[in-house]
Amino acid sequence: MWKYILKRLVLMIFTLFLVITATFFLMQIMPGTPFNNPKLTPEALAQLKTTYGLDLPLWQQYLNYLVGAAHGDFGISFQYQNQPVSMLIGQRLPVSAQLGAQALVVGVIVGLFMGAISARNKNNKIDGVSGILSTLGISVPSFILGIILVYLFGFKWPLFPVSGWGTFSQTILPTLALAASPAAVTTRFVRSEMIESLGSDYVQLAKAKGLSDKEIVNKHAYRNSMIPVLTLIGPMAAALLTGSTLIEQIFSIPGIGQQFVLSIPSKDFPVIMGTTIVYAAMLMVMILITDILTAIVDPRVRLQ
Amino acid sequence: MMAANTEDFVIVGAQSSDANEHIAKPALSFWQDAWRRLKLNKLAVISMWFLIFIMAFAVVSNILVPQKAANSFNSDKVGVYKNLPPNSGLPIPGWDGKIKAPGDNSATDVYASQGVPDGKKFILGTDNIGRSVAKRVIVGLRISLLVAIVATLIDLLIGVAYGVFSGWKGGWIDNVMQRIIEILSSIPNLIIVTMLGLLLGSGVLSIILAIAMTGWLSMARQVRNMTLSLKERDYVLAAKSLGESSTKIAIKHLIPNMAGTIIVQVMMTVPNAIMFEAVLSAINLGVKPPTASLGSLIADAQAMLQFYPYQILIPAVMLVLISLAFILLGDGLRDAFDPRASED
Amino acid sequence: MLNNPILKVENLHVNFNTYAGTVQAIRDVSFDLNKGETLAIVGESGSGKSVTTKTLMGLNAKNAAIPDNSRLLFKDRNLLDLTENEWQSVRGNEIAMIFQDPMTSLDPTMKIGMQIAEPLIKHRQMKKEDALARALELMKGVGIPNAEEHINDYPHQWSGGMRQRAVVAIALAADPEILIADEPTTALDVTIQAQILNLMKQLQEETASSIIFITHDLGVVAGMADRVAVMYAGKIVEYGTVDEIFFNPQHPYTWGLLNSMPTTDTEVGSLEAIPGTPPDLLEPPKGDAFASRNVYALAIDSKEEPPFFKVSDTHYAATWLLDERAPKVTPPEKIQKRWAHWQEIQGQEA
């Protein structure tokens, strides 16, 4: 187990190294830098370049960046001068992490319930309604849902705040907007897993033991259909990253997603690179955690 | 008991009686069978016709509404034509050219107050510089579909080729190729799309490439797994021992046998691509203005959401409907290809 | 054998409603099961064996319909009248079942010891610890080596043969009066098959329970069963003691089954499956359902269904060949040999 985790960590670091290298060199060939402002005097430009270490040979810049990144130092922002990228990200990361975690937890819990209820009421009204909701949930992108929520609850019936971050009520709408898709994905997945489980031979055997439907569901069907949900968490987390950048923008939430979006038009490469690396690291950690959790709860999975 | 005659007791031997002929139901091929099952799924059939209609419309609309017509506007008359609400010409509340501004008690006839010449109506209203929303949505639909479908086709090519190659070769090649997929899939799609978007600049082609680079991973994975199991089948082994080339085996035996899975996967990739196009637009990496896409229309209209919600409504509804139709059709096809799922 | 039926099946019909029409899966089946005996039900796949067993467990699919005149008499009640709650106290308690495929019939996420203990907790109201202690004894009883070390194993850690032993232990946990085994060895290797069959026989001797043993393979019947019922297209076509069926078979379908059975004196190459396929149960043919595949078919077979003709007190067969008006036919050579053997046995007994 520990050996496996260590191996995965090494692979993670290697992948991160590849990501850093790729982003570094991609940034070198990106068209347009914030320095081609015609108003800058040559002296000011040179001064700027020295500040950002851009006067060094490329290989040295790369090495410096690698060493810095290993220490969590991603250089200084172009846009907000004198602000280290790591500080910008550090301030905003907790906000994004909270939003993402809330959405994931709400989504998965709602999905587990709805999926299980649907499967047990297969092909009747409850299943029908949940089927419509979950199909809508996967076809309405989170940013459209976000816009709808802003319109409805911000302008039509101003029940919840539609911008900012800090109070609990400010988190409600963005969390809902982001949670819908994971809830829908989980519902559909759990429903089909549970239907498969309820039709399986081991459920037949449990029936033949004389267990009631309730006992069968509680003791056999639930566990078998919920364990595989863990495999969804990685892909859902990746989708949440994408969704949250736009949701943070729509709801004016000071997270790294918003900053990422803002740094694109201003070509703030250090921020773009730093965020990219942090995003990649976050997703990889998520995937590792769910793999470990799967191995803990699913007796069939052996980590190696 | 019926009075049996002695002639009833002669040996006649095994005969295929009429009843026996009945058994032989016409043997449906896999595709006919799937089609029969698909037709039973009303939602899937409706979705299919809707998509066929939308795509045909998108093609025909090139003639009806050229790019230029949707992009151009009269810079002198922006004040007259800007932000007109939808007007059907009929007295339908909310669709009669009148709008109730937030805070007002009664709706004002914007067409009259802005001095729009009599008889000029915009069925879906206009945007903030006076362009017809209807025309822009038609062009946007065209661009979004083009982006999504071409990106999906590229995904399909890369994914199937990569998957078949990896699964067919096996051994260390497969191992290395799978590690590459693992590494790529641990990088969020958003990042890959953004990086490529930044690198290639905005424009339809670069969006297509950016989206295509992320979508092929799951296709490749599924195709590879199916190749692994198919390559042990008798007919593949037979073809191999007859000395058929690998390419020929892949095209003649492998791909037809996973066509079902591939089609279902494609149905899931298209809405994803449509969604990513919109995301790119929202983060300023989308189509270059004045070109419109569903995503860029949504992103542009978002700022004025409170006052002119209709400008966002139509593109958003189109985007959702198309995604929905692809997903419902994909669900239907998956059930149709997998007989077990369509029991009861 | 004492005629002491513990279960009487009378006029059982089972229909399935499907989109294509009504599948008449069981068409008037009647049989008795005596206390302590093993009754084998044999027939090609699709003949309705599994539907029969599922009906006995109240586990038929939702689209099944059973007409009111069908009766399953067990301990003075008609099982078909039971409510779902009453069924639950029968299943796994008075009637238990062993399934075909041990690879899929155990819950992959539950410890095997616990899976064996479940019926005890349910039907004997045992505490978990007591039930697990009993489960350990059962595991030893079905021949699981070092059972103590393996009680907390999960199914994937076990081989197919071991898993089927666990399935047997589950079925036996609550001491059922009737044990139904639906092709319990079909999914296993030949050597493992023999082990499981021996185990079942040995356990039956210890517990004096009755067994309904389902198989499509007559080869495994000889050593297991006391009586045999041959099923075809949802009907029993012949039944008798195991000797009667093996050495004095009367129905051409039974001949066909016996012919396709590998015996010590036939080489493997001479295996003959019965040509043709069973009829469509959506529209069962008029008359004898086997007629279209029967080289000995009489003209009447396609007009009228044969009644059961008595061969002996214990042996009946539903074929017009036994009618006094029917011509005498010469069965296949291998069957003739069997008949000759039967004459010998009868002679010895006389």
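When the chains are written out, they are named A, B and C in that same order, and each has its own residue count from 1.
The rule is simple: contacts are C-beta pairs under 8 Å (C-beta built on N, C-alpha and C of every residue); 3 or more make two chains touch, one makes a residue touch a chain.
The structure displayed is predicted, hence computed values, not measured ones.
Enquirer: Is the C-beta contact count larger for B-C or for A-B?
Expert: By number of C-beta pairs in contact, A-B is the larger.
Enquirer: Can you identify the chain nearest the overall CA centroid, using each chain's own CA centroid?
Expert: B
Enquirer: Taking each chain's centre as the mean position of its Cα atoms, how many Å separate subunit A from subunit C?
Expert: Once rounded, the distance between the two centres reads 55 Å.
Enquirer: For subunit B and subunit C, what's the span in angstrom between their mean Cα positions?
Expert: Inter-chain centre distance comes to 52 Å.
Enquirer: Return the distance between the CA-based centres of subunit A and subunit B, expressed in whole Å.
Expert: Here the centre of subunit B sits 24 Å away from the centre of subunit A.
Enquirer: Can you list every residue of subunit B that touches 2 or more other chains, as numbers and ranges?
Expert: Residues 344.
Enquirer: Over in the complex, which subunit B residues touch subunit A? Could you list them?
Expert: Subunit B reaches subunit A through residues 102, 183, 186-191, 194-195, 198-199, 201, 271, 275-276, 278-279, 282-285, 298, 302, 305-306, 309, 312, 316, 319-320, 323-324, 327-328, 331, 344.
Enquirer: Quick one: in the complex, what on subunit B touches subunit C?
Expert: 1-2, 4, 6-17, 19-20, 22-23, 344
Enquirer: In the complex of these two chains, what residues of subunit C are touching subunit B?
Expert: 62-63, 275-277, 279-280, 283-286, 291-304, 307, 320, 323, 325-327, 329
Enquirer: Where on subunit C is subunit A touching in the complex?
Expert: So the residues of subunit C in touch with subunit A come to 57, 59, 85, 87-93, 96-97, 99, 101, 104-110, 118-119, 122-123, 154, 156, 167, 170-171, 174.
Enquirer: Please output the residues of subunit A touching subunit C within their complex, sorted ascending.
Expert: 200-202, 204-212, 215, 219-220, 223-224, 227, 298-300
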